[in-house]
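Below, each structure is written out as structure tokens.
Each of the two complexes below includes chain A, the first together with chain B, the second together with chain C.
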Partner chain A sequence: MSLARFLFQRVLLTTPLLVVISLSGFLIINAIPGGPLAAYTENPEFRSEDLVKIALQLGLDQPIHVRYVRWLTTFVGGDWGYSYSTKQPVVVMIGERLKNTALLFALAYLTILAVSVPIGILAATKAYSATDYLITGAAFMALSVPTFWLGLLLIIVFSVALRIFPAGGMATIGAEFSLVDRLRHLILPLLTLSFVTSGAYARYVRSEMLEVLGQDYIRTARAKGLPARRVRWQAFRNAAIPFVTVAVMYIPELMTGTVVVETIFSWPGMGRLLWEAALRHDYPVLMGILVVGATATLFASLLADILYAWLDPRIRY
Partner chain B sequence: MWIRGLARHRAAMVGTVLLSMIALASVIGPIVVQYDAERPDLERILQPPSGQHLFGTDELGRDVMTRTLSGGRVSLIVGVLAMSLALVTGILLGSLAGYFHRLDNFVMRLTDGAQAFPPIVVLIVLGSLVGTDISTVILVIGALRWMNVTRLVRASFLQLRVKEFVEAARAMGASDARIIVKHILPNSLGPIVVAGTLGIAGAILAESTLSFLGFGVQPQVPTWGNMLRSAQDQLYRAPWTAVFPGLFIFLTVTSINFLGDGLRDVLDPRRKNVNALP
Partner chain C sequence: MRRSAGKKVTLTMYARWLTVVLLTVVFLTPSLSTGAPTQGRRVVIGIQQEPANLNPYMSAWPSWVIAGKVLDGLIGVDPKGQFYPILVEKVPTVANGLVSADGTRVTYKLRKGIVWSDGRPFTARDVAFTWNVLKNEANPLYSRAGYDLVTGVNTPDDYTAVVSFKQPYAPYLTLSGYVLPADVFGGQTDISKSAFNRRPGIGTGPFVVAEWSSGSYIRLTRNPRYRLAGRPFLDEVIFKIVPSLDAGAAQLRAGELDVLTNASIGQIPDFESIPGVYVRTTESTLNERILLNLGKRGNPGDPTQPHPILGDVRVRRALDQAINKDRIIRTLLFGRSSVPGSVVAVGWASDRSIKPRPYDPEAATRLLEEAGWRVGPDGIRRKDSQRLQLELFTTTGNKLRESATQVVRDDLRQVGVEVTIRLVPPTILFALWADGGLTSRGDFDMSMSADGPFGANSIDPDLFLSSRFHSSAIPTPQGGYNSVRFRNADFDRLRDQAASTVDLKERYAAYARAQRIIQEEAPVVLMWRHIWVDVFSRRLAGYRANPFGEIGWDLENWIVR
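This part shows the complex of A and B:
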């Protein structure tokens, strides 16, 4: 079938999942102790008659499926409610933080690709040599490191002992905007975030390349007398297809890393917001982040499927 | 039989030895060592590593080595139990999905839906909702890992379901349950064992992350994760409080990964050996 039809089918399959996600989120909020009025019940200024009035206003006396539909329409319309703690609209809060996280995430992703792919290919082309063992061993160690430990270690070495890099924040407070300053703040979080996944992905790249290099058509190419560089390039093109799909598989792991890194380095992003909101039991914010995160994951896998189908015409089923 | 193959795998052997040492130290250590893992000793706050305190003391004067070994108990147990929970659930659902065609669609939709949530968000939201009891932590972590096992078991079952020995068993009058449990399941154990082993590493990391963020086990009872959490405040004064617990997580996860890798090389029917660290 054509790419367009495939795309259409996949999008169609994704939509019910989005509904399920929103439904789960909604049910969770309503199941929490105190219910959706928890912010108000805690506050001693509200008398019980006021609470009843608010409940009626918010339509909380309606049956749950009616409430869900109403909530869904407002949510899709852009009204995500107000944070219990800061009283700001949730959309605004998340929006502010989203770009900071996006910056860190995107840079980390690029770093991972830039580091893992060449190293993995190198290890595969020199398979079973000393270089290979070195690389594979290092990658193996890298992927076993707990991210938060690495972050703390980097702070100890570079911020406490050597004092080269700052231990947190996006920029020096009160100072003018400076690219150097931003970079200095960026480097430790970036390093921490990319390290573990680079190791994992490098291993994967190596094993995929090895598998491709063992194929018959590579032997044919070599027998034909093609220069090694061209053979490698051909192998890479074939291996690129699973590279892409597997790269997407690491997104949830990277999200976990992002939350940890943002917490350790006081990076004002969505991951940190998630952590703060959970500590304060700020459910509207939590729900907003849940939906954003799940949607991002779904779209990432959709993207992977599309790329895979685009690169390999055999897969269009 | 296959253990011989495993024994030849150097990395896996290193991993097993290291893991056993850590496990042993965690079990015996806190009993043998004379310091208390939980009782504060305010005269000995934040002492660097010395002859008396090999790993130093923490912000409440407790011996870091004792706490680290103690924490090992909790982290290892939580990891193993959480993964066991995930394995049981995964095997149950996966076998049903792989064997009964009508259930397949439903189970896979369920699994897909569960996997759509980014794990960290689930971890934190559930963690903040359900409190910090150890059993709930185990439940939460297990709830994040069953999906992979289900897919694996299902794939295995789909493959094996059409083989002749199943047909033969059916012809002899075996019930579905019997075929599943006594015929297909034993033959699909390979990938399950590998996934289970590697999953324990993941579960240990998940527990550490959860405790590090404050939603897991509370700091009175040490786990590697919450020790690192308290250590965050002492990075300038007492870096050793952060180095050792994390080091143990790293060593444990590395050894489990070595072991799991070795198991995979031995048990994976494809045995291409392309990943091997011989």
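This part shows the complex of A and C:
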């Protein structure tokens, strides 16, 4: 089977898969006790008659299968609906927040790879030496640190005590756009977001490398007189295969995994949007995020499979 | 050999390069000040929640705070609970002839010489337009109460607006709290999709909204044409969205915030330890109280049958007296509150002569014995075959409540009542009947949360008293908030009487007696006055607390020292 055919089959599978995911998501969201009107009922000002009117306006009086079909047909037609709380189009809301999270996430992702891969390789090549123990110990500590705690600690040290970096937000309010200003606001959330995963990945890379370095074909390559650098690169190519799967599957974290960092650093991103929408039972927004997230996951897994094939000539679809 | 030496050099070079880059970013950044410099005449206020939109009729707090500084109301409420005129010359009452004797016509005489921030004069056209918008069913209003009784608005001249009601609406003074500019909407009264709702840039208030950066902040700038000369003293006010209170505290310390609103009560000592801030607590119109289910419990419950335990008023009074509320206030609220006597704790309608029952476990014991509950071998009272066992519900995510319920449980154990605490998310506890709400359906014994006259109606108890205690509001699948299933003919009559007239004195007389009935019948156990905790930087001055207004109700008086 050729790569093209493989890709075609996978893409074809994506659509029914997304429908199934959206349906189960819709049912689960609606099954949770409480509803989008719960926020209103907490307010003493509200009268029952007004609530009924709002329920009608939002179409909540319809049976669930009718509501799902209506959502599906309008969604596929490009209309993602309006948020129950802000009345803004869901596409606009997700678009705004996604940009902000994507920026933070992309940089964090690059940082994680730039830090964890060289360090993991270094630790593996110097296995069981002092350097290795230092690196492994540090990585272990890094991955055990709670993100919330780390973020607040960084704020206390760098914003409150040293006053070098701002304590939150994306940019200085009211000031003109400045790259330096943006970078200064990015650093602390970036560090917080990448710290834990860098530790985890460094250990993972190290353990994969170690396993490969112990293989017979590596010993053969060395015996044949291949320079150490080439050997290492060959080893890495083999170790990278499982690592690539793990690393690529991190991409869907973009959608929602940043909520803690966004909350602490007042970063207006997707994670916070999902959290707020979930608390308010804002169904249209939740469904929009669900579909985008599911699509991201499905394509990430497809990407992982493609990279797999590229890295390992033995794998053919 | 040489190659591995090369690799080592590469890694060290890499590490060095990384260090250089980091150091460059750290030390070459221009100034050492961080975030938004809070200098000049600008104030940064931290709020935890972003408003849904900035139309105060179509959303709740914090929209009222922000939009309330752009759009003035006709009448306001001062910290003492007295009405005062803002855009009108005099507060209309029957006594001064601006309200017809039967209460169905209200005349607003507007102040002259006021202009909108874009220079246009403020006239009765704007007032009439606002009323018509509020009557238009197409607009998703947060509350239509009162507006659905309006039959028409007349403007005999540029500075007079006469509103006609189908029947007298007793809380008429709370209506039209924000006057909209007629010309911005092109004559359309359906403003549900207007961009003004996201950015009210024109108003008669001291500020206008200049920018809303979604998820980050909302920026207000000074209105140079504001009617009070010289005010506001500030040039800019930023409402910054700070979802985490811990991060908010850090930002206060770092000087990136001037005010943090709605801090949690349990963090008061933490905030007081921050240098250069002042922690202000304001007793609000809300009371933390325990609802008692007077009807038979079930899912759904049966309000026609009395609760086997709580149906007896002696038991309810006993519960009230068995809990040591002063101790809770002292230890969990740091002494910053008090026990209210009436469900309407403050304002013109509150009967201050109603005092809370004193903490008296012996009196409680006597009442329980009198009601037939005898102490059993395990220390818990029983009557016939029923044990005096109750479930106390409260909301998750609130440390103060969690601690308080434990004190309640211990206190009640002392008098032979067994209490089981159930923590439930508010979206389930307070959900509609259709969504399985527990208090709605009557599937609870006791439920603790805060409630009271709120929002635009914080000064008028009509909506609160009728929706919480009137027998017509007992919950059904269609709605209703009388979760305690209180049914008292005298109370109903008094409330209806008070709602049928616009005369404040008559209404007060009826409300005073109605409050006394609630106190005697004890369908709720009043625990403490709910307090708002706001933290201010000591740079600021000129602000006053107002339990009937939002923080920033007097933003035009704030100054930066």
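Please note the rule applied: the second predicted complex is superposed on the first by the 262 of 317 C-alpha atoms of A that agree within 3 Å, B and C clash if a C-alpha of one lies under 4 Å from a C-alpha of the other, contacts with A are read in each partner's own complex, and residues count from 1 in each chain.
Going forward, a residue touches a chain if its C-beta (ideal position, glycine included) is under 8 Å from a C-beta of that chain, and two chains touch if they have at least 3 such contacts.
Note that this is a predicted model, so its numbers are computed, not measured.
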Could you tell me if A:Arg97 is touching chain B, chain C, both of them or neither one (first, second, both, neither)? second
Considering only touches as defined above, state whether A:Phe105 meets chain B (first), chain C (second), both or neither. neither
Examine A:Met141 and indicate which partner it touches, taking first as chain B and second as chain C; both and neither are also allowed. first
Is the number of chain A residues in contact higher for chain B or for chain C? C
So in the superposed three-chain picture, is A:Tyr250 touching just chain B, just chain C, both, or none of them (first/second/both/neither)? neither
Please work out whether A:Ala296 is in contact with chain B alone, chain C alone, both, or neither, and reply first, second, both or neither. first
First (chain B), second (chain C), both or neither: which does A:Trp149 touch? first
Looking at the overlay, does A:Glu211 come into contact with chain B only (first), chain C only (second), both, or neither? first
Mind working out whether A:Arg229 is in touch with chain B, chain C, both or neither, as first, second, both or neither? second
Considering only the touch criterion stated at the top, classify A:Trp71 as touching first (chain B), second (chain C), both, or neither. neither
Chain A positions within both the chain B interface and the chain C interface are 152, 155-156, 160, 167, 263-264, 279, 281
In the complex, the residues of chain C that touch chain A are 3-4, 6-7, 11, 14, 25-26, 29-30, 32-37, 44, 50, 52-53, 60, 140-145, 192, 197-198, 213-217, 219, 236, 238, 240-244, 246-247, 250-251, 253-254, 256, 425-428, 430-432, 434-437, 440, 451-457, 463-464, 467-468, 478-481
Given the complex, residues on chain B that touch chain A span 112-113, 116-121, 123-125, 127-129, 201, 205, 208-209, 212-215, 228, 231-232, 235-236, 239, 242-243, 245-247, 249-250, 253-254, 257-258, 272, 274-275, 277
Residue numbers of chain A touching chain B in their complex, please. 17, 20-21, 24, 28, 32, 133, 136-137, 140-141, 143-149, 152-153, 155-156, 160, 167, 203, 207, 210-211, 214, 252, 255-256, 258-260, 263-264, 271, 274-275, 278-279, 281, 286, 289-290, 293-294, 296-298
Quick check on the complex: what are the chain A residues that touch chain C? 33-35, 37-38, 40-54, 57, 85-88, 93, 96-97, 100, 118, 122, 151-152, 155-156, 159-160, 163-170, 172-174, 180, 183-184, 187, 227-229, 232, 262-266, 268-269, 272-273, 276, 279, 281
